[in-house]
Amino acid sequence: MAAGGLRLADMLARIAETGRSLIGAEEPQSLIERARVILGGEGEVSGTARARGFLDAYRALDHEARLDFLRQASTGLGADPAALKAAIERYEASGEDIDARALHLAAEPRSQELIRRLNRAPGAMPDLLAMREDLLRHLREDPALAALDEDFRHLFSSWFNRGFLELRRIDWNTPAAILEKIIRYEAVHEIRDWSDLRRRVAAPDRQLYAFFHPALPGEPLIFVEVALTADIPAAIEPILAAGRETLDPAKARTAVFYSISNCQNGLRGVSFGNFLIKQVVEELSAEFPSVETFVTLSPVPGLRGWSVREGIEEPSGDALGPLAARYLVEAKRPGGAPVDAVARFHLGNGARLERINLDADRSERGQSQGWGVMVNYLYDLRDIEKNHEAFAESGVVAHSAAVRRLVKQAAQAGQAGGVRA
Amino acid sequence: MAAGGLRLADMLARIAETGRSLIGAEEPQSLIERARVILGGEGEVSGTARARGFLDAYRALDHEARLDFLRQASTGLGADPAALKAAIERYEASGEDIDARALHLAAEPRSQELIRRLNRAPGAMPDLLAMREDLLRHLREDPALAALDEDFRHLFSSWFNRGFLELRRIDWNTPAAILEKIIRYEAVHEIRDWSDLRRRVAAPDRQLYAFFHPALPGEPLIFVEVALTADIPAAIEPILAAGRETLDPAKARTAVFYSISNCQNGLRGVSFGNFLIKQVVEELSAEFPSVETFVTLSPVPGLRGWSVREGIEEPSGDALGPLAARYLVEAKRPGGAPVDAVARFHLGNGARLERINLDADRSERGQSQGWGVMVNYLYDLRDIEKNHEAFAESGVVAHSAAVRRLVKQAAQAGQAGGVRA
Amino acid sequence: MAAGGLRLADMLARIAETGRSLIGAEEPQSLIERARVILGGEGEVSGTARARGFLDAYRALDHEARLDFLRQASTGLGADPAALKAAIERYEASGEDIDARALHLAAEPRSQELIRRLNRAPGAMPDLLAMREDLLRHLREDPALAALDEDFRHLFSSWFNRGFLELRRIDWNTPAAILEKIIRYEAVHEIRDWSDLRRRVAAPDRQLYAFFHPALPGEPLIFVEVALTADIPAAIEPILAAGRETLDPAKARTAVFYSISNCQNGLRGVSFGNFLIKQVVEELSAEFPSVETFVTLSPVPGLRGWSVREGIEEPSGDALGPLAARYLVEAKRPGGAPVDAVARFHLGNGARLERINLDADRSERGQSQGWGVMVNYLYDLRDIEKNHEAFAESGVVAHSAAVRRLVKQAAQAGQAGGVRA
Amino acid sequence: MAAGGLRLADMLARIAETGRSLIGAEEPQSLIERARVILGGEGEVSGTARARGFLDAYRALDHEARLDFLRQASTGLGADPAALKAAIERYEASGEDIDARALHLAAEPRSQELIRRLNRAPGAMPDLLAMREDLLRHLREDPALAALDEDFRHLFSSWFNRGFLELRRIDWNTPAAILEKIIRYEAVHEIRDWSDLRRRVAAPDRQLYAFFHPALPGEPLIFVEVALTADIPAAIEPILAAGRETLDPAKARTAVFYSISNCQNGLRGVSFGNFLIKQVVEELSAEFPSVETFVTLSPVPGLRGWSVREGIEEPSGDALGPLAARYLVEAKRPGGAPVDAVARFHLGNGARLERINLDADRSERGQSQGWGVMVNYLYDLRDIEKNHEAFAESGVVAHSAAVRRLVKQAAQAGQAGGVRA
C-alpha cells in the first residue's frame, strides 16, 4: 500500500473528467447496448457511474438518435419470453397466489428495471423527466412508444406518491430562480412580468402554493393561485388588476382558486391537483378562520369548440348562459365523462358546478375558447364525498339550483339535451 | 352560501378529532374489509383520510389482530384470477410485448396497490415500516406472510432508490434527537454513553456519515463510522479508546470504516451499504486529499461457529491466522458465496481481503464470534470493478499475498480446503 | 500586470500562515505597544489583520503577562490630558451643549476605542469576553483594573443591546454542541447527565428558552427552564423527578420558571434576565392559551446566612416560615434593597412575593442555603408596573396576604422587624 | 389566583391593540416628554413597550412635528450641567484617569442614552435609521440638528461594527424581496429591470456581494458588483451588455469591481466599503484561483464640474486624458484630499490609480459628469499598506507610469498643476 499508494480522489476525478475511462474503454457504442449492460450487471459497483454516463450520452444525442433509442427500448426490452412462458405454466398448474406473483415479476418489462437503475445516478430525475418528454412528443405519431411511456408513468406514479410531496407557500421571499419558473409555467392566466407576479404572491390577500419533490429541488410540480375575497367572484379581471384595492385577509370570507398549472410535462398522467387543492384548503382554513367558502374561478376551455360542432357559431347573449350550462352538465364523452377537461377535473374531485359567469374573461383566449364565460366550482366538504361517488359511478354532475334553471332554459329554448361529443 | 355557510376548517377538525365521523360511520369493522374499500375507491377524494384512518387503526390493534390482518392481506389480496386468466390468454394468442405488459399488470397483487395507497397518507412511511417489522418477526414461522413481505420489499426498493437518498455528516452540531438514534442503532461496537458518542463524532479525526430519506425525516437509514489514521489499524481498541491522542486530519493517510450499522429493520433486504461506502469515499477524498488508503476494520462474525462445525473447538494461537484465512477465502455457502456475512458484503462491493489481525477485538462479542480476529478489507478503486466481477461470476475472493500465505499454511498444516458450510 | 501578476490569494494565504509577515516584521513586541499602534492607525487598511494578530498574541500569553497588559491598558490608555484640558476650558467658557459633547468625546478613554477596534477582527467577540473574564478574576484584589472593566461593561451593554438578542427555544432537536453548554452552564439545579437534560427539554410539559447574540453563534447568553403545571408548585423535586407523570400542556394552567442561569461570565453586569422572562411569557401565552399564571419557584440563597448573622442558628419548623417571610420582606441592604439577591431580581422586575414553601428543596445546597425553603414570585402583568415603581422608588416589597400573615406571626413571636443586614 | 385568574395573553394583546392602554393612560402628549419618561425610568419593566410606543408615535407624526422633536432632542437632551460641573471639578482636583472616565460619563448627552433605550424595542433599528434619515435631510439648513446626528453616528458606528456584519453572496437563489432592493439601491449603473439584474447575479462570470446586519434582516447595507474578465476593462458597456459572451470563470484572470452602492441613507458616515472590498477579494481569491488582478472600473464624478470651475468648458479629445489625470492626481480639497469622492475612497483604501479610459461610459450621466471617462483603481495587496500610509500621511496619490505620463502631458500643455478646488 505504502509505495504504489492509491489516490482515490485522483482516480475519481480522472474518471469524471476523462469520460469515465475505466468504464468507457469497454463501453458499447449504442445506447440500447449500454442499457443491456446496465440491466445485466448487479448494478452495485459501477452501476451508478454507468447510469450517469448513460444519461449524459442520451442528452448528447440529436433528436433522431434519441427517438431511435426510445423506440428500441419500448419494443426490445420486454419481459424474457421463455421465463414468462415458464411462469405462466407454473401458475396455470397451481392457480396459487404465490405463482401469480412470480408471474407478475416474470412479466415485468426489463425497461422498467432500466428506468429504476438509471434513477440511481445522482441527479437522475430531471434527465428521466426530459427523456419522457421526448417520448410524449412522439407518442401520438408513433404508437410503438406507448409501452415505454407506460413504464415511465407507472414508476413516476410510485416515486411521486403523495406521501413524498412537500407543499410550500411561494411568496416574495422565495428565491428568484423558483419565481422565474412560476412565471414560465403559469398556463391559465399569463404572468406578464415581475410586477404582475409580485401582485400574485406578495399582496396580503393573494397566495400561491406549490408541490415540490425531494428529487427535483427548485422545481415546482404543480401550483395553485389563490385570491382571498369577500364574495364569490364573477370575473377574472378584478382579481388580476394592477390597481385593485387590497382586502384585509382577516376579513376574507372566500378563497378563490383562480389558476392551477401543472409544471412538468414529463409527469403527464401523474395527477397532483386533487391533493394540492385539498391540502391548500387545510392550510387556508388554519390560517384564515374567517374564510368559509372555497371556490374556483375556472375557464370553460371546450365551450366554443363544442358549440361550433353543435352548429352554434355565435350564440346571443341571452342564450350563452343556458348554452354553457347545458355544455357543462350534459355534454359527455363516450365513456360518460364531461367533454370539458376542467369540469372533469373539479367534478371528479367532488366539487359542485356552482355558478356560470358571463363576460368574465375578456382576454383573447377567454373569448376564443368560451366567449368569455367562466365558472365557479364549489368545494363544500360536506358534499365532496357524495358528489365524487355519484360522479364516478353514474356520471352525475353536481350543480346548483341556479345552474339547473339555466339548463332548463336551454331545453325550453329547443337546444338538444344529452349531447355526446 | 351566505347563510348556511360552510366552515371547512371546523369540518376538517371534526373529522380529525371525532374519529373521522363522515367516513367512519360507514367504515367496515375489520381491517381487511377497510383495505378492500381503499382498493375499491378511486383513492382521490377520501383516499388520504381513509389511509390515515387505516394506519391508525392498525397501530391500535393488539399483536394477534395485526398478525391476522397481515395473513389475510398476504393470502387474500392477490391478483384477480379472472382478469389474470384473460390476460394470459391474450398474451398466449399474440406473443406480443404489449400483451406481456398487460399481463404484468393483471398479475400484480392488489396488496401492492394497497401499500401504495396507504403511503398517500401524511407521514405514512414510519407506519409502513412498522407494519413490515411486524411481518418480518413472524416470517420464519409463518411462510404465508412471504407474499406480502415481497410486496413491501419491492416497493421499498423503488421508494428508497439511491436517487432519493441524502448523505449527511453527523457531528456534534447534529440535533440530539438524531444522535440519540445513532447511539441506539449502533450494532457493531456499542456506544456506551454520550461521551463515547462525542469521541466518535466530534474529534477532528473521526467522522460519521448517514443516509437519510425525505419521507423519514430525523431517521437515519444506515450509517458508517470512520477513523482517520496514519496506517491501517490492527485492532479496534486504540480507535475507540477514551484517552487516545488525536491525529491532525490533514496528516492522515488512511480512512478506516470501523463500523457500519443498518438502522431500519423494516427495510431489510433493501441494501444501502455499498452506495454509502462509495459516496463517503468521495466525500473524504475531496475533504482530505492526503488520505490514500480506504480500508475497513471488520469483525469476522461467523469464524467461531464455522470452526466448531469443522471440529476445531479451540485453535492454537499459531493456527488461528491460517484458520481465519481459510475460512474467509475458502468456506462457501451452497451457492458459492462466502459463509461470512461481512465478507460477502465487502467482497461483493469489490473490496480485497487485505490483512487478518489477531488479538484485534478483546470484547466479549469479539471473542465469542471469532476469537478476537478482525479483518481489513481494502477498497482500491483501480481494482474494484475487476474484483466485483470475478466475485460475482466465479466466486473469486480477492486477497493479498499475505493472506495467500496464511491459506497455504493452513493447507500445509493439514486443514482441509474448499470446505462447504 | 500581465507578467509580474499579483497572486492575491497566495499573498493572503502567506500572510495568514506565516504569522502575518508583512505586518509582523514591524510589529512591536509588547501588547501595550501593539495596542498603541492599533489606536494610532486609521484602522482601515491593516486594522482587521492587526486586531486579529493582537487577540491571538494575547491568548498565547501566560497568566501573568496577560494581567500585566490588562493593568497597563486600564491605567495607561486614558483620555489625552491636554486635549481634555482644552475641551474643559472650551466648555467652561461657553457652557454650550455642543462643547459638552466635545468634552464627552475628549474624555473618552482610548481603551474604549481599543476594544472597538479589536472587535473588527473576524470572530473577535469570544476573545473579548475571555479577556474580560481574565480581568474580572482579579478585579477585587487589583482595583486598578476597574477602569478597563468599566470600558468593557459599557461597550458590551451597547453591543448586547436587547434589540440584537435572539430568543430561541432549546429542545431535543437542538444541536448537541449547544445542549452540552446548557448542561455546563446550569447554575441552580444541576443537570446531572443527558437523561436529566432530556427530561428538561424534550418532555411536552417542559420548555427551555435562551437568548443568543449574532456575534456569539452557538453560545447561549442566558436561559430559563420552564415547567407547565396544573398549580403553583410547592417543591422542586416533583418538577425534576425522573419518573414523574407528564401533563398534557394543553391542560396546563401555570407556567413555572424554575431555573435561570447566566452563561457568560464575561458579560457580568449586562443584564438580560428581565427581558428574557418577559419575552418567554409572551411566547408561552401565545402557544399555551390555557396558561393563566406565571410564577417562579426560586431559592432563597441568603436566608441561612442572614439568620445566623441574626443569631438564629436553627429555627424550629414552625418558626421557619415566619423567619423567611420576615427576611424577604424586611431584611434590607444599606441602600434599601432586599438582602436576598434572587428577591432583588424578581421584585425589581415587578413580581410579587406570592408564597413561601417549606421543605421545598431537599438538596444539600437547598438545605445549606435556606433550610429547604423555596419561594414563588408571581408575575401578574396587571400589577407589574405598579410593583416595580413602588419597589424602585420606596423599596416596597409587593407580597400576598399569606406572606403578610407570616410576617405578622414573626413580629408576634418577638422576632425583631426591619432588620438591616 | 384561581378565580380572578390572570390572562396574560389577553392582557398583552389588549395592550398591543388598544394603544397600550395601561401605559398610554399616563403617557405624556409630546414626544420630548415621552423621551424624558423613557430616560427617567429604569428601562427595565415597561421600557420595551414604551420604546415601541415612542417609535410608533414618531412615525405617525407629520413632517413638521418630527422635525420639532428632533430639534428639541438635539438641543434639550444634553448632559446634566450640574453633574458635569461636579465631574469637571473632581477631575481638575485629582487629574486621575478614573476621574476622567467619570467626566466622560457625566458629559455624555442624554440623547445618546435615549437612542440606546429606543433600540431595546423589538425591530427598532429600521425606525432609528428612518429617524436619522429625517434628521439628515435637514442637517444642512438646520445646524442645531448636528448634535443629535453625532449621537446617531457614534452609536451606529458601534452597533454596525465590522465584527457584526455578515457577507452574503447575492445570486439567483436569493429571495426576490432582497433582489428587489438591489434594483432599488443600485446607485452607479442603474439596473433597468429583472432581466438586467439577472445578467448581473446569475451569469457564471458575474458576482454580487452584500453586507447584512442581524438587526436589519433582509436589508443590504452595501453591495459590490463584480465581473470576472480576461483583462482590465476599458469601458462599462461591454460589461453590462445584454448579448455579451459569458466567460468561463475558471479562466478569468481579473476581477472587476464595477459598482459599489451604499443602501442605507441612515448610516451615512459609517463606512463599510473598505471592509467589503477586502473581504470580497478574499472570497474571490479562494473560489477562483486563476484571478490575479483586482481592479475597479470607476466613474470620475467630479471631473466635469471641476474642469468647468477651472475654465475648461469642453476639452479636446487629446486633452481629456491629461486633464483627467491632472484632476485625479493633483486636484485637492483644502485638507489635502483629492477633490474626487470616488478617488478619495479607493486611494484611501490603498489602491493605485492604474489607468484612465476615454469613451468608457456613453450613458447620459457618464457624459455629464466626466465626458465618458472611467478609471481603473488597482488593489495590489503588496502595496496597499504602503499606499494607504503615504496617502493618509502626505496625501500622496499612488499612480501608474501611464498615468504619470498623462500628468506630464498636462503640465507641458500648460494646464496649471496643483490646483485647489
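We call the chains A, B, C and D, going by the order they appear; numbering starts again at 1 in every chain.
In this section, a residue touches a chain if its C-beta (ideal position, glycine included) is under 8 Å from a C-beta of that chain, and two chains touch if they have at least 3 such contacts.
Nothing here was measured: the structure is a model prediction, and the numbers come from that model.
Novice: Shared touching chains for chain B and chain C?
Specialist: Common neighbours, chain B/chain C: none found.
Novice: Which chain has its C-alpha centroid farthest away from the centroid of chain B?
Specialist: D
Novice: Quick one: report the Å distance separating chain C from chain D, using the average Cα coordinate of each chain.
Specialist: Each chain reduced to its C-alpha mean, chain C and chain D end up 34 Å apart.
Novice: How many angstrom lie between the CA centroids of chain B and chain D, rounded to a whole number?
Specialist: 57
Novice: How many angstrom lie between the centres of chain A and chain D, each centre taken as the mean Cα position?
Specialist: Using C-alpha averages as centres, the distance is 49 Å.
Novice: Mark out which residues of chain A touch at least two other chains, giving numbers and ranges.
Specialist: Residue numbers touching two or more other chains: none in chain A.
Novice: With chains as vertices joined when they touch, what's the shape: line, ring, star, complete or other?
Specialist: Here the contact pattern is a ring, one closed loop where every chain has two partners.
Novice: Please give the residue numbers of chain D that touch chain A in the complex, ascending.
Specialist: Interface residues on the chain D side: 172-177, 179-180, 193-194, 198, 202, 218.
Novice: For the complex, give me every residue of chain C touching chain D.
Specialist: Those residues of chain C that touch chain D are 1, 5-9, 11-12, 22-23, 42, 44-46, 48, 75, 78-79, 81, 84, 88, 91-92, 95, 97-98, 100-101, 103-104, 107-109, 116, 119-125, 146-147, 150, 155, 158-159, 161-164, 166, 214-215, 232, 253, 271, 274-275, 278, 281-282, 285-286, 289, 291-294, 348-350, 378-382, 384-385, 388, 392.
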